[in-house]
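Both of the next two complexes hold chain A, though its partner changes from chain B to chain C.
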Partner chain A sequence: MAAPMLRWCCPGRRFAFARVGCGSCHRRGPPTGSTSNGKRGQSTVAQQPHITAQKPRKGEREWAAVVGLEIHAQIASNSKLFSGSQVHFAAPPNSLVSFFDASLPGTLPVLNRRCVEAAVMTGLALDCHINRKSLFDRKHYFYADLPAGYQITQQRLPIAVNGSLAYSVSVGRKPSQMVTRTVRVKQIQLEQDSGKSLHDDLRSQTLIDLNRAGIGLLEVVLEPDMSCGEEAATAVRELQLILQALGTSQANMADYEIQRQINELENGGEILNETRSFDYKLGCTVPMRDKEGKQDYRFMPEPNLPPLLLYDSGSLPPGADPQQVIDIDRLRERLPELPRVTRERLVRQYGMLPEHSCALLNEVGLLEFFQSVIKETRAEPKKVTSWVLNTFLGFLKQQNLAVSESPVTPSALAELLDLLDRKAISSSAAKQVFEELWRNEGKTPAQIVAEKKLELLQDLEALEQLCRSTLEAHPHVVMDLKRGNPRAINKLIGLVRKATLGRADPTAIKEVLERQLSS
Partner chain B sequence: MSVQASPTLFMASASAAVAALSDVITFKRVARLGEDALRRPTGSEMWARAVHLCLRAAARGRRGFTSKADPQGSGRVTGELIQHLERLSLVDFGSQEAVARLEKAIAFADRLRAVNTDGVEPMESVLEDRCLYLRSDNVVEGNCAEELLQNSHRVVEEYFVAPPGNISWSKLDEKQPFPHH
Partner chain C sequence: MVKDGCAHVKPAAATDLSVFLLVTWSLWWQTGHEDHVGPDPPRSESNCLLRVQEVSVALKQGQVTPTELCQRCLSLIKKTKFLNAYITVSEEVALKQAEEAEKRYKKGHSLGDLDGIPIAVKDNFSTSGIETTCASNMLKGYVPPYNATVVQKLLDQGALLMGKTNLDEFAMGSGSTDGIFGPVKNPWSYSKQYREKRKQNSHSENEDSNWLITGGSSGGSAAAVSAFTCFAALGSDTGGSTRNPAAHCGVVGLKPSYGLVSRHGLIPLVNSMDVPGILTRCVDDAATVLGILAGHDPKDSTTIQDPVKPFTLPSLTDVSKLCIGIPKEYLTPELSSEVHSLWSKAANLFESEGAKVIEVSLPHTSYSIVCYHVLCTSEVASNMARFDGLEYGHRCDSSVSTEAMYAATRREGFNDVVRGRILSGNFFLLKENYENYFVKAQKVRRLIANDFVNVFNSGVDVLLTPTTLSEAVPYTEFIKEDNRTRSAQDDIFTQAVNMAGLPAVSVPMALSTQGLPIGLQFIGRAFCDQQLLTVAKWFEKQVQFPVIQLQELMDDCSSVFENEKLASVSLK
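Coming up: the complex of A and B.
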């Protein structure tokens, strides 16, 4: 994707149970009950994924893999979670760092209202219970890119709990055989991002850039309700779409990252009772020297922040400063249309197949493009859908462009589809025009049609004439046809088309020929 | 004053001994007491109070910490616990004198047990009655890289320079990386 936006962190992961029983999602039965291991909050330092498993019980035969996820998404805000320095993806090192971000003594955290709203909206979109009171905690560990030595998070009482995320998986060979699965959202919490470290092994040093330190993160914890890597990836993708629709996060994750993690999950194999860590260099999981009790985050309440209180229209304190209170009901009213609802609406409104509506939502900007074309053209929605998803998207993918970089505007495509609808040009001619439009030489479809003489032959008399002369010129083909060879008609159609210099519609030709032959 | 000397970090490091399932220190809401009991504590006493609370929990059977401290608190801190605390806080206990001081501080904090907190709700924050101020999402800080980098001992092209990677366990196993005073 070409959008150069904020980072979407790698999910940490928890696996419960070993011995992947599912080769593909289709064959497997319902997932066995999940037993997530006791310690929550085991997201590791430096975003390395953690895979922990229970000890396999003896005597059990069938194992099903169960996957839980912890996903960190950067909140799309102007300033950071607890300070007023800017959130931006590209800037000179350490230029977007305030005294608080650098953890200089004497600085205090001040909560960003926008981040709280983002968390509440995400909670509402995932059907969570929003905690009217939530608390902030410190999670301590030492790392060079964490200047304070602790991260402010919400371990005890997060802002939202107990929600669900619905996603569709295909269960048969046909793409139309989709089934909806749900994964429970355990909680959503606000926390700080850490800085970035660049390791210089040659000189045995680490370079630290704190621009990212303190940016607000939404941590979404999904219960181990997913049965394999594919389901996990689909759920993450759906979450990505929801966050983008809400505008709470740009949620851009490199596709290779999703694929890498799917592969890792699907190669689970036998997992013993140990904590493993994914080693990027070796490309596989390696056991960590995990002496129990040594890695201790020493959670404690954040002493500098009172509890976060949220209100609804019923509990709003009278005369309160609107800037200082957050009304959950107000936010609920302002929630934009969620992807699931959009997809259903597209199917209802335009009669398209569910997989088409999925495809339209899957590409940034494609839905807007589609809707612009629909607005300006008289062509049928099904035609528009087909052209946008097949031809337009095809060209984009071929040249690896985003919708925003397309040389063809919605108006141009709308005009082209109008010509096609009026039967002014054939569909093959339309494809030619589209190719010309893609070259972006500033010509309109009508101009291209005129230049290349692609108009359909409107003169029926001339067509009849051409057909008759073709039939006369090729008696052996006619005889072939009369003897019962159905393919002979195509040969005749081809000949007539050549004679018309490609300007006649094959269906019309066929009709005329058949009429003339039967007479 | 370095961050490591702050009371809050000491409290945090001391909480290491608390059982894994309840990683949080809670301060019991104190019922009304006499004036002398409410004398304002010094930094090390606050620290010791926290360590005391944790060690009590530790004595209740967290495996791996066989604290010799009996329920009444004879104040003995095992070598294993010292090692653990040092690892977590990166504070060097250095000498026997330091350990003795720690034990004295724990004994001092033991006096908290005199308070009866039956049926009293634990207090999560002394700020619980305050309003959490919400800042509007505007950019008002930053752009002071030069100033910030002056704090760093070593700088490479506007980056802070830190020792390589994380503090690995292997290094800690061998020798403490911090200089003794």
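Coming up: the complex of A and C.
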């Protein structure tokens, strides 16, 4: 089995604010609001139902943000969490709906093994305690895209608890000044996604698409250990990397949300504990549905699912059918290299800067691309890093493409860097070749070099001839040089290069010129 | 997990009190209530095919064809339409199935013991292509696109689906009186046995207004089996809904162990207590049907993983190794003296045949009703949340807002009983009430379940109890109390079994002085259904419960169950 592939899904957020006295608003206040209200309280952080500004005078106080997060990551499984329906993107509406997903009476949930494995592996990667026994609960609310009238989740006893997530943030001006921070992972729970409601205001009707209904989600609850949107975004990004995301996430929404809550509090408003979703068009978060402020979810154990029991090599019942049980230790063995380890390895192995290792991991597929190039080229790792992070990534960004959509293959880049490495072409020619590669898929770098006559002049006699004629044609520059202007040599080099149509290595030209001038 | 050792009998000492009670019972036995025992059953329809096993043999020997059988049952269904046992009669489906069964028999390879045999299914089991209403406006017109696993298993055996039987709305009730299609009438209201007694007791001849209820909520299934319109029927049992009507209609009602039979496709009342029930005219038939239905279903995660082998019940000749427990808490003041005396008689019967009969205690029994009420309504509130008018079922006309649509749909779709339970259930599940009600009720449920565990650990093999407080009462009498009161009263002996997930079976024992059936209940160890049925079969053989005489009903039906061809077939 491959590592669980987790597709990104819109994160829910929890915020609490701690009022602090005068002083830095970047320091975290005491961890208020992290108490859960009673056994049945919704297991989220920042649990204060609402926080009211007591003296609603603008700017009188400074507020320190305490950010906790509830992140919902969609599990990339072939079928849904409790039904056999396929999981696909962009399928026609309501084409991936089983009888269970539509909550036809009499249907029962059947737990998807793969989703459990994904949750366990995530738990292990986040240093969580994996509960050998976890339970499923029903969370009730009426909503058009929730056909059963309840969501099956893990409220009382989730599959994994008490983990941590380390992430690096840059402090100060230089990007290389990185500090490692840690946010506690309160829990990871398995739950169902809901369907989608599409509101047709024109005809004042709501259309329901249940394709998404019942897809497995991992809800990762982060304690309010973060103090700003940037930290939260970095933590989410790190989590995203750990989950080996297939898509991307716009975790920056947190900044907007903090500002909104500060404004709200300063205006004397109340911050309701609510789930907000980020509206990309409006550029702001909007309330999703009124969560527990007024709602009582009337949690109840899900009676159709027995407790989920997990085993380790020590507790595995003898003769157990491997299809029926999940062995945590076996999953642990199959854990892939985690991003933090990968980054450390890159720094160690290739001598690259920490921020470069971060950059390589931050783009999906970029690290794999880099490693493929490294494998096939004789060029120095530093050179490869620079080409991949500057030239290659630059082209991708400019055209807003994913690594997988790149017209240049790792082999092509490797070949190009080889040409550069053995000085067959100049670096400016290499840039030109790269541009060609980007435009003309299918041609090899060697073909492009040959077609465009970009190879460096290897005929030393010819070069000497060209240098000599250049010196003869520009006596005033030579005079200038001899009078002591060191920049004049560059002009001469430029003139020779022009004469060679850019095919000569400037270093070689300089060598020849200097020899001829001194003779 | 199927436990070993179900058949082992462990000795246990009787308490002083039990000795006293036994003496009392002995006295009753000796003074005799001959009415109850009766002479050999007056099997006037001596050439009737009453049992699955009998009809199966007749089908195999070609003495009757599936189509003939099907048509007879269909005509009986029409004759007994006034019983209101069926909500939907699936005539076309049944005839087509019969035709196919007939082909198979001609080729000499039937699918199994039920091939070509008419069955009925309670209308809360999903049946593909056949309307499934739960006797509720909410699901009127709802045609499921799939078969419940138990229905599919019966069809795979070649059984003929005659139709969907009546019930209380969403199986909430104990009378089969509270569905939108009206109450089910007990076939015994029209039996010779009951009518004669009534004449003797010189009641007014206003018969039709004095018809009896079937009990419920699987009253339609019980009536269907009792009135010979099918050979077996599926009921559901959450608090006694199969056993209660079985007792009132003089048929066998089996509630299997929780987890032995798949609930997939059964429209739930209380998921943690619901079990598909089996109603038949004899214990062997119940065992046959159970053998077909039992086993793991990948679509129901609460079914046992262990494979279940088909079984035939042995004929017990010696009960001397058996230990029968008599729970003292079941001797309630509300218990009618007739049921009480029959219960005693049954205990004495076991004892006289050498079984050890001891009094046992299930100390938490009295908390059972209130505990059940909390757990049942809570799950009901949850399970009923899906009926919002969006995906299926009734939807109101209002289109003011989604919320207004929900409210109107649910008000129009559910009756008072269902709405009342939803309301209380939601109350119990509120954050501030959850610990005090739901959690507490769960704890009490555990205690009730442990009561049974303790009793069975002490060496008792099977518990013997009444099924109902009394025989069936007239409808006019029954509706004097509301559904909640009735359910609480009527489930008293049956519903603790559901809390503990145990198997239990109601076996008709004798007729009351009024000429109405009275059943007793046997409760077995979890997953020892076979052992339970073996004991029930022995008991059935001893008591020789009489066959219902529906002569007047049947007469114009041109000897529905008598066939010239069968004259030579000797039937037990």
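FYI, the second predicted complex is superposed on the first by the 409 of 519 C-alpha atoms of A that agree within 3 Å, B and C clash if a C-alpha of one lies under 4 Å from a C-alpha of the other, contacts with A are read in each partner's own complex, and residues count from 1 in each chain.
Quick note on the criterion: a residue touches a chain if its C-beta (ideal position, glycine included) is under 8 Å from a C-beta of that chain, and two chains touch if they have at least 3 such contacts.
The shown structure was predicted, so the numbers you read here are calculated from the model rather than taken from an experiment.
One of chain B and chain C touches more residues of chain A, and that partner is B.
After overlaying the two complexes on the shared chain, residue contacts for A:D296 are found with chain B and with chain C alike.
In the overlay built on the shared chain, the residue A:I326 is in contact with chain B alone; chain C does not reach it. Contacts of A:P506 after superposition: neither chain B nor chain C is touched. In the superposition on chain A, A:L108 contacts chain C only, with no contact to chain B.
Of the two partner chains placed around the shared chain by superposition, chain B is the only one that A:D201 touches, whereas chain C remains out of contact.
When the two complexes are overlaid on their common chain A, residue A:P306 makes contact with chain B and with chain C alike. Judged by the touch definition given at the top, the superposed model places A:V116 against chain B, while chain C stays out of reach.
Judged by the touch definition given at the top, the superposed model places A:F142 against both chain B and chain C. By the document's definition of touching, neither partner reaches A:G365: not chain B, not chain C. Residues common to the contacts of chain A with chain B and with chain C across the two structures: 38-39, 99, 102-105, 110-111, 138, 140, 142, 144, 148-150, 206, 208, 296, 298-300, 303-306, 324. Across the interface of their complex, chain A is touched by residues 1, 3, 8-9, 11-13, 15-16, 20-21, 23-25, 62, 64, 84, 87-88, 90, 124-145, 148-149, 151, 154, 156-167, 169 of chain B. On chain C, the positions that touch chain A within their shared complex are 125-126, 134, 139, 142, 144-146, 148, 263-268, 270-272, 298-302, 305, 378-379, 381-382, 384-388, 390-392, 402-403, 406, 426, 429-431, 434-435, 438. Residue ranges of chain A in contact with chain B, taken from their complex: 38-39, 45-46, 77-79, 83-86, 92-100, 102-105, 110-116, 135, 137-138, 140, 142-144, 148-150, 155-156, 197-201, 204-210, 289, 291-294, 296-301, 303-309, 323-324, 326.
Residues of chain A touching chain C in their complex: 38-40, 99, 102-111, 138, 140, 142, 144, 147-150, 206, 208, 296, 298-300, 303-306, 324.
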